[in-house]
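Both complexes below contain chain A, partnered by chain B and then by chain C.
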Partner chain A sequence: MDLVSKKWIFNVLLSMCFIGAACTSVEKKIYVHLNNTVPCVRLLNATHQIGCQSSLSGDVGVLHVLESEENLDFVLRTGLHPPYMVILEHRLFTRSIMMKLNNGSSRVAGVAVVAPDANPAEGFSPHNTCPNENTGVYSETYDPALAHCSTTVWNPLGNGLSYEEFDFPIFSLKDDNKTRFIRQCYFDHNRMVNGSSPQYPLCAMQLFSHMSAVTNTATCMRRNDLNLGITPEYVCDPLGDFNVWATTRPLNNTAKGHKMSESVVIAATRLDSRSFFFNIAPGAQSAASGFVTLLAAAHALRNITQEAPPNRTILYAFFQGETFDYIGSSRMVYDMENGQFLVDLDNIHSVLEVGQVGMRANSRLWLHSDPVSRRNGSIDEEVKTLVENIRSAVMTLNVSASEPNVSQPLPPSSFQRFLRSRPIPGVVIADHESSFSNRFYESMYDNAEYMRVSYPQNMTQEEQLQFVTDTAKALTEVATVLARALYKQAGGDQSQLSGINADPQIVTQMLYSFLIQSNNSWLQQIVPSDLAGHLKNTATNFYVGVMLQSSEPTHLVQHLLANLTGNVVNVTQQDCQNQRMEESDTVSKHTYTYTWVQGAVPPNATEREGYCVRSTVHLSKAVSPAFDLREFTSTDYSTWTESRWKTIKGRIFLVASHELEMVTLGVGVGVLLTSLLLTYVISSKADILFSSQREPTNATY
Partner chain B sequence: MTAAVFFGCTFIAFGPAIALFLFTIAREPLRVIFLIAGAFFWLVSLLLSSLVWFISVQISNKDSAVQQKGLLIFGVVLSVLLQETFPMSHPPDLSGLGFGFMSGAFSVVNILADSVGPGTIGIHGDSQHYFLSSAFMTMAIILLHMFWGVVFFDACEKQQWWAVAAVVISHLVVSCLTFQNPEYVASLVPTYVILFLMGIWAFYSAGGSLRNLKLCLTCKDKDFLLANHRPR
Partner chain C sequence: MNLERVPNEEKLGLCRKYYLGGFAFLPFLWLVNVVWFFREAFVKPAYTEQLQIKTYVKRSALGLLLWVAVLTTWITIYQHYRAQWGEVGDYISFTIPLGIP
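So, the complex of A and B:
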């Protein structure tokens, strides 16, 4: 038994050591997985699909680090091991290179763009040169001379990459250890040595970003309806979220439609931005500068609109989805036209919109207006009054506000959607006289660094939150001008204007929250407890996203607006959450919104002390009317949808030559055939071969 | 490394075993049952011994290597005793082949599954030939198990304990050779030498001889059969 047991010891040991070797996972020896994958995804509208697509089982390509535009020739023509996975530095991520890669896409498996740590020196904007050109007010019928940016090209640095269609995946890589590993792998295996092409095994990358939707919105919405199984399989979702709005005077929100003898001044701005890659939209200048200014102005007006309310009501409107053909503002105008909103278009007195105001050179503000509607005398008078109100609001501040010298159309703004419906007097405040001063419009570089929101070294997060940057001071001045102009426009008294001042502390805290990180002590106090867990430690992502997924800034702005324009009321938590002042109150919920917020932790305590904030802040659905009307080929409304996908990932590995694979297969087939042959021969001759043992036993019949 | 490598390595690893199965076992249901029983009992012994080992490791002093090894041997002895209670050692080539199939499957299926993807081993500096050498090693192990079974059973019947010891020692040598990886030449060549020698030994144990081989190869076998045919 000893020897038997010894045989088994080593039998088991042998098996265990085999299993042990396999347990270190062969997969880990082959693949290196990419951790933070930032893809470009497919978006569709009424006529086109844009963005990137990979094949269902991922695209495999041999790595090639592009050195210059001339090196493209290697990828597109001369390289011996197509298809290639091209690694680009950000300086090579230009329109000409990308279009050449797109044309030679049979030899291109995909592109990975290495994002730099600091913003590039020259500008970069993947957006169009004429944003939202077909859904604004300037069309052939309105004024052909002003349509399609004939007079002013708003985004001259735009290269339109975001609106091109690529049939290979494009990912963005951060410049970290993984990227260094990729470059090292390329240098070790893939580089040409002395003019001879590299030998197998070569370093390769596989990217998965298969998008389910194709062609255009009408096709993918039709396919959404084809549900044969129990669980519905959708291929795309409409973009959208919620608009945030509030009024200085409480109005009955349950009674929709026209309100008698209500004259409303709309203070509008946009909430969203985008970039070439999915879910990356720092949107500092293009979005945050505008709505932070409006929030600060609303705060500055809180006291005076409650103590000495002006004749007209001011409606603060923060529109979502404006980047994608004015989703939010078109929806609000549509609701107003159909009597589905608080007020209707007849109630609107004028519109004052805040555009991009963060980059003010020489502290100059420009007041843009629509020349076509101003051909009407009464509208022109109103606009002149509005401009005068703004200019008089400047007073002793270090700002100047003037109209542009040339007659030009409005820049892309939500006000254009109101004008599409009827001529209304209005002005858009911006920091650019004609083209945008924003060199990174709707790109991943439009961030805190570009807006010069930076803090001295060695500051804690708390100190950074409270530190008033120069940008914050500049935006505070704009907010003060805006608040005073709104008050004057709403019929307030000139003598009160000097008492209206925006608070730079609030402005800098808001800039920190949206551009640096939203998870800070100030926001933690203002939001309800269910939102507190969603506050992030990174810059806010301003991409509007699909309707089903709420966008980060919407709820933050909602609760900020409530805190800055509302009042704290002494109400129990239960009453607060039931939208009433006390048990018997059934009218408050029609005009007010009650929010129970977390509050701060008092000294000598561990739990937060919440309180109730009563405000007039409401959310209204911001989904394009095209989806309610089911007009998926509409040219009037936004038809943008985002495709769905299953997996987004990437991995790096070595590939062997095709010859070696075929040799392996050949050897395998050979071994199989040989052993079949041998075994057949041996088993047919078994009687003879093994006869010396069998003979005695077979002898007895 | 794609489907070509997957099929190639599968055929290399399991080719002889499949051939043996098709031509010697598949026709008779009883032999199939014995084969499966052999495989099953290999699994049982592995399971029990590893279970005992796992439990004992958990309750033992993990830092003491001597204690760990002792526990391993104890678990193995237990599995052997369990195995000896089953009448599984006859016919010897079937039980050996059963062991071989199962241990081959355990060692190589994991690797084959990863060979289907587009990548090959090497990005962290390991040798490229991992798949091929694993497949060849598995083929050798499967055949070795069968030869060991034949020789072991024969030696037990004839009470030739030196033969039993030789089987055990060659098993030990082969298992230690696998620790030579990734020096694939150093591990594969000696393994194949041992395979060849064990093959010859098993051939003799099973009743073969040089004379019979010569008869087969020179095609005089028909006369031999006729000559040996005894009338009733």
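So, the complex of A and C:
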């Protein structure tokens, strides 16, 4: 090989290096990637699919910032460059606009909704007007007059968008630098100037949110089972997580089923919420207000139930997945019916459920009960006693409690699942007489701002954690009422009631932890070290999610409940983690749960001093029985599944006109063909062309 | 293998083997047979074995056509109706596309 050819090869290699290195920067020059994007994903039930999806390779459309509803005409009819990627202010994210876009979906490539920094003034709920309509107790067979919210529409603001199916991707964008950049890109390239349509290149956006599952739960579960390939490809997973429960009296949890001479008062609430978009579910009023109240009440009852135990046991139950057709409560009732839970339905004395209690008008609480089961005289008596107990708990406090003036069904509540099984006396406490006082039910605005959990300016995180907000004070009152009512209902002594008081400090800390950030000094102390890494600097996401990933609030509530109702015991870390008091102790694990928590850093020390908490807190599966029974078309139980996906991302770039793209492609193909032809001609005429430099024929290679 | 260098008897043997092999649900053997021996059967000047080779090539072509017709019909029906068949459609599929019915 001579020197010249060596030089050539070197040059080629060098230029290839450059091309390789330049690839990433070319990609960067073309695309601007969007962070902070939250997609709407596909969920499926027995009969439907809901949510959104893009095509496998992402949907591309020319950006159009929608200014008003009249402006839709441009997107759906007159615009010259369809399909369009529509950017919406949140005030335009209404049912009428979204359904028009969905109907004209051949001209719509996708929608990006810009979430505002502050909540809108008017209400907004993408949920149904009648939540969990078909899986509550009020069916045609129970009482036709009460079925389908015919007497009270619980969520009148609900526009049902969360339960629609869209043919295009819908993303939520935060109002930040990137969003401003998108707008700028639109104004620079896509806006009509003096009524004339804009010239290429145009600003475009591509959204990827391709969903694997399709049609309904039966189809996707079948396809999960039919995996023949080398790498199994699952398409959907059931929604579900764990219920958290604890009892005031230690009961043997290993012996399931009926407990002789045990009478249980269930104090129930829900742990989950949702919104239109996948991982934003702040659920402040719809979930947190209720379970924070119940946690505070459980804390208020800790000492009294140990010192002067009432003759009935109180069972605190925090249900997961209630938003999706009562996953948690239906599972607990199913387990009770089948002798798979601590107690069975015969052991239940009554149920007291805490609904949404964060928005009381005039400090009023409303006590909802079921008119159908109250037609039975004995049940009616029991409900009256329960209402009376709550009223007696209210006496000395600045709270009033009354029953709704009209005969109406129960609001959407876990208690309905118990009633579905048999008539049980019970009351649901809420802050609304008829329809919800929550104007942002199951939406992204049901947050700390809406609950008025706000702090004076210039406060450090630590000061905010300790600061008692007005909301916390109000919830403390409710928690005190609840605790006293529960104590009375469990057969406790009236004279003890005034000594039962919830702690506003604990309530405010819990509100801070769930609505502002869970990563704070208080929660760090009371969780085990493996959970400490999962504490977040943002509000808790209350979406129940799939079984494989644990939902955020479950473990937080589990350890909070353990800390608030359990006792610190003097046990070594090893014994604690082995669920025993000492090495010879083999029985207490049947009744108690031992948790080694991180503890605080003592003064003049660098390491945390952990300790052992003994409590009766347990987790139980919150997966719909439909999946255990493999009845994917069940009408009794929740059948919700979440589709799997591979990529969720968004990016913007400039697109050239179709003609230019075609010309470029044509030239490319032309060059290829010409070079092929040239090569053929040259090689066929090589003898003539290169005759003067022909090498000797006897050369060996 | 270059057919030019093979004696005529061997050509016939090869052609027969491919023709018979095609009956074992191997239509591609017939396709190869047709393409490979087309020249030998129809273009080359006549020789003793050519008549038989011609028959084999013709029959191979016929079988191939039959296969093509059957497969095309089935694939069209399958692709068109798989989603409507629902459960059955899934059970008779080896790979199921993601995200479409």
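As a working rule, the second predicted complex is superposed on the first by the 643 of 701 C-alpha atoms of A that agree within 3 Å, B and C clash if a C-alpha of one lies under 4 Å from a C-alpha of the other, contacts with A are read in each partner's own complex, and residues count from 1 in each chain.
Definition applied: contacts are C-beta pairs under 8 Å (C-beta built on N, C-alpha and C of every residue); 3 or more make two chains touch, one makes a residue touch a chain.
What you see is a predicted model; the values in this text were computed from it and never measured.
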{"item": "Chain B versus chain C as contact partner of A:395, first or second or both or neither", "value": "neither"}
{"item": "Touching partner for A:629 - first (chain B), second (chain C), both, neither", "value": "neither"}
{"item": "First, second, both or neither for A:653, with chain B first and chain C second", "value": "first"}
{"item": "Which of chain B and chain C A:214 touches, first, second, both or neither", "value": "second"}
{"item": "First, second, both or neither for A:201, with chain B first and chain C second", "value": "first"}
{"item": "Partner chain in contact with A:233 - chain B first, chain C second, else both or neither", "value": "second"}
{"item": "Which superposed partner A:53 touches (first chain B, second chain C, both, neither)", "value": "second"}
{"item": "Chain B or chain C, by number of chain A residues touched", "value": "B"}
{"item": "Touching partner for A:222 - first (chain B), second (chain C), both, neither", "value": "second"}
{"item": "Touched partner set for A:666, first chain B, second chain C, both or neither", "value": "first"}
{"item": "Chain B and chain C contact sites that coincide on chain A, given as residue numbers", "value": "none"}
{"item": "In the complex with chain B, residue positions of chain A that touch it", "value": "1, 3-19, 21-22, 26-27, 29-32, 60, 185, 201, 203-204, 206, 651-656, 661-662, 664-669, 671-672, 674-676, 678-680, 683, 685, 687-694, 701"}
{"item": "Chain A-facing residues of chain C, complex", "value": "86-87, 90-91, 93-96, 98-101"}
{"item": "Contacting residues of chain A [partner chain C, same complex]", "value": "53, 56, 210-215, 219, 222-223, 226, 228-229, 233, 235"}
{"item": "Partner chain A, residues of chain B touching it in the complex", "value": "1-2, 4-5, 7-12, 15-16, 18-20, 22-24, 45-46, 49-50, 72-73, 76-77, 79-81, 83-84, 99, 103, 106-107, 110-111, 114, 117-124, 126, 128, 130-132, 135, 139, 141, 152, 161, 164-165, 167-168, 171-172, 174-175, 178-179, 181, 203, 206-209, 212-213, 215-216, 221, 224-225, 228, 232"}
